[in-house]
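Have a look at these structures, which come just after this line.
In the two complexes that follow, subunit A is the common piece, with subunit B as its partner first and subunit C second.
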Partner chain A sequence: MKLTAQHLTKTIGEKKVLSQVEFSWQTGEIVGLVGRNGAGKTTLMRTLVDQYHADHGQVAIDDQDLTAVPEARQQLIYIDPTEVFFARLTLAKLGRLYALGYPTFDQARYRSLLADNDLVLAQRYGELSKGYQALVVMALNLASAVPLILLDEPFDGLDLFIREMIVKAVIDEVADGQRGFLIASHDLAELDGLADRVLFLKRGTISKTVTLEAVRDEAAKLQLVFPAMQIPAAVRQYGQILNVQGRVITALFSPYTAAVEAALTAEQPVLIEKLPLSLSDLFRSEYAEEVHHD
Partner chain B sequence: MDDPRYKTLAYYERLVLQIKREVVQGVRVPGDKLPSVRDMAKAVQLNPNTVAKAYKQLEAQGVIEVQPGRGTFIGAQTAATAEEKQRVRPAFEAAVVSAKAAGVTLNELQAWLNAQFEEGQA
Partner chain C sequence: MIDAKKIVRTRHHELLVLLILAAGLTLAIFGLNYRQTFHGYASRPTESQYLDSQRENVRQLRKEGDRQAARDAAHESYASFVKSNYQLYFHYGNDPMPTDHNGLTVNIYFILAAYAVGVLVAAMDGLGGFDRFLAGLGIARRKLYWAKMRVFLPLIGGLSLAVPGLMLILFYLTFPARLINLTATGMLAILVYNFALTVTAFIFGHTLGQLIGRPLVLAVGATLLIPLLANGLEHATVLWSALTHWLNIGGSFLRPGEAYWWLLAGCLVVSGGAAWLGARLYRSVSMERRRTLLTAPHLRWPLVIGVTLLLTLNFGTVGAHGLQPWPTLVWPLLGLAVGLAWQFWPAVTAVTRRLQRVD
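== the complex of A and B ==
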């Protein structure tokens, strides 16, 4: 099953929050969604499920336009963690409520997921700690048995063990290819090994899509020191400078080919060393220009 | 997965190296069953597609064997095929060239090579 967003545009008040967003995402895939604060990640998720009506563009699941075929939206779930309407409800009532919206909802699974985490059906959602609320949201997502699951900041403010539980649940669900996850997160370290692809949202549009393992294969982050104080042209030509500390240059070369290596070696570097390349480095290189230095 | 020497590699390559290393060290022996892709992915907290890619490469290189319906097992450690030897040679040659360019002497290289070989057999 595949979700396709095309030309999605959304203006809220005076501000164009989304502008011509295009991407696709399918079951069996974990796709990360990153961007700076206010880049439009939550707006995109709300627009995908039609909680916000898009001004332009369309969202389709397997070629069924969600506006023309609203029931196709039952293949897609988004529980907005910041705007839950159900804080006063008990967990039992919550399960019955989601079963109304999702005919595939599995009550037995919901109860067993809650029981695994020592959650009691009589408890009210709003009375739980942040970590347990996150686990309830995950239990609702999983029990709904929906193929396409949107997670908005699922790791935010959670301790190591609860984060691990959520990561393992995502891996478990996606492993047989029947489910897919779109995960908006500021936790780049958590997304790094988890996501197949990462969408970079910048000024309301997808500015870059990165297939992480392919980038790790092709690209290199290097620490370089050259005899001359000036940064050789080859560095700027083939790479993107991430940091300069005195003579030590850290730069990202994507792709890092034999030709690039030869061009750098020709400048007779005093030091040329590969450093681990993380999603944080790609994030830094994508958004560096937006950061204003005083 | 945490070996600092592998940190500049893609995650699937790190997993490949880690499993090879465990085989060399005798942590995993021929006939041992490997976890399923799903269980390995959960254990190392990696995307299942990444783990599947690592398993595929290990299978292609004869390190592991997939027995349909039974699972994935560490393969019998026969002597490396000529083909497999040819495959690793360019990487070795490239490393020697880099080492020479950096002024590493033959004696130093030999010491490194010995240390690296012994690591697996301890």
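== the complex of A and C ==
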């Protein structure tokens, strides 16, 4: 099952939040969605599920335009973490409500997921801690048995163990290829180990799509030290500066070819060391133009 | 196949129970009034007590020299006395619906409860995120709107008939038939009127709740609308009777009089219009607008015009030939000023900010 978004545009107030957004995502994939605060990640998710009407563009699932065939939206689920209407509901009633909304909802699985985490059906959602609320949302998503699941900041404010539980649940669900996740998150470290692909949302559009394994094959993150305080021309020309501390420069070179290596060597660095390349580095390089270095 | 009605019913289970309780409470209120009325009837003077009292009254009036009053007092029979003091309804002229004396006509409490619940349902669903949940289910929004209406309207309509219906049954079981001076047509007029006003109140309240996104503005506005609409209607019927002579006299929500059919027609127009607007709003309003002052900005001027008309009806000075021009004109001018200010306020503040930065 494949979701395709084409030319999605959304203006809120006077700000064009989404501009010609295009991407696709299918079951069996975990896709990360990253961007700076206010980039439009949540707006994109809300637009995909038609909480927000797009000004232009189309969202289709398996070539079925969701405007023309709204029933196809049943293949998609998005539980907005900031707009839950069910704070006063018990977990039991919550399950009943979602079972009414999603015919494929598995009540037994929902109850089992709650029981595994010592959650009682008689508890009210609003009385739970943030971490347990996140678990309940995850339980609702998983029990819905819907193929395409949108998660918005699922790791926000959670302790290590609950994060690991959520990560494990996501990986297990995707393993058989029947489910797909689109995860919007500022937690780049979690996404790094989880996502197959990452979409970078910048100025309202998908500026870059990276497959982390492919990027790691062709790019390099280097730590460089030069005799002079100034940043050599070759570094500026071929790399994206990630960090500068005194004479120590950390930069991303994509692609990192023999020619690039030769150019850097010609600048006679005191130190040139390859460092592990992470999603955080790619994020920093994508938005580096907003940070100035001398 | 998703049952949207069932989802709405599950979500609003407590509100539905609240409606039933509200109806029960109004029944209790009318029950207390009934008890008082029945007690008054049960403790009425006997015929001989009445005749003794009448003779004494006639003697006194003759002593005072008021022979006409004495003759009138002597002619009123006991049966006539009981009827005029304990009959349940008054009938005036050609009014389709009688006026209550000791009986029940308009269940204003439940009408107001229905209005409040309409506002509450729309506000809770919009501001609480339930509408966002529904939007993601893949059901056409138009169908979702009508699912909500199909959950609430039958209950509200049914309760609007049940309360006066039960009271009428109680009257027939406990009062002499001659005192329940209500024809079948009159009874039907009461039931239809309550039904129409209650259903209209709910739909109107719900649409208002969809239109206004700020909770405080909605709460204050919805509350103020009640006296403004009630008062505005009275003035409108007085104006109508003065200008057209299609009515001999004005009416009100509680006592429509000859304006009864006009009010029923008005209910049809208002409920139909509000439902149409509500369905359109539900379909077209993008939910990022749900917390804005007006969720549908293109309705700004119609809203300003409507409120201005209402204020003019309420506070414009009514004379013998209609509204007096000069005291009345201030309201449309005020409405125009408010509308323009609202329209151009963002531009004005932007210019002001730019000027402040230059300074």
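In this section, the second predicted complex is superposed on the first by the 286 of 294 C-alpha atoms of A that agree within 3 Å, B and C clash if a C-alpha of one lies under 4 Å from a C-alpha of the other, contacts with A are read in each partner's own complex, and residues count from 1 in each chain.
Note that contacts are C-beta pairs under 8 Å (C-beta built on N, C-alpha and C of every residue); 3 or more make two chains touch, one makes a residue touch a chain.
Values in this document were obtained by computation on a predicted structure and should not be read as measured data.
Asker: Quick check for you: in the superposed arrangement, does A:Leu160 touch first (subunit B), second (subunit C), both or neither?
Answerer: A:Leu160 sits against neither subunit B nor subunit C.
Asker: Is A:Met229 contacted by the first partner subunit B, the second partner subunit C, both or neither?
Answerer: neither
Asker: In the superposed arrangement, which partner chain does A:Gln74 touch: subunit B (first), subunit C (second), both, or neither?
Answerer: Only subunit C is touched by A:Gln74; subunit B is not.
Asker: Applying the document's definition of touch, where does A:Asp50 land relative to subunit B and subunit C: first, second, both, or neither?
Answerer: Touch status of A:Asp50: second partner only.
Asker: Would you sort A:Ala108 into first (subunit B), second (subunit C), both or neither based on which partner it touches?
Answerer: The answer is neither, since A:Ala108 touches no partner chain.
Asker: Would you check which partner chain A:Ala122 touches, where first means subunit B only, second means subunit C only, and both and neither mean what they say?
Answerer: It touches nothing on subunit B or subunit C.
Asker: Given the touch rule stated above, what does A:Leu97 touch, subunit B (first), subunit C (second), both, or neither?
Answerer: The answer is second: A:Leu97 touches subunit C but not subunit B.
Asker: In the complex, go through subunit B and note every residue touching subunit A.
Answerer: Interface residues on subunit B, with respect to subunit A: 7-13, 37-38, 41-42, 44-50, 53, 101.
Asker: Which residues of subunit C touch subunit A in their complex?
Answerer: Counting only subunit C, the residues touching subunit A are 1-3, 6-7, 10-11, 124-125, 128-130, 132-140, 284, 286-288.
Asker: Mind pulling up the subunit A residues that touch subunit B in the complex?
Answerer: Residues in contact with subunit B: 28-30, 164, 167-168, 171-172, 174-176, 193-196, 213, 216-217, 220-221, 265, 274-277.
Asker: Which part of subunit A faces subunit C closely enough to touch in the complex?
Answerer: Result: residues 12, 43, 46, 49-53, 70-74, 76-78, 80, 83-85, 93, 96-97, 100-103 of subunit A touch subunit C.
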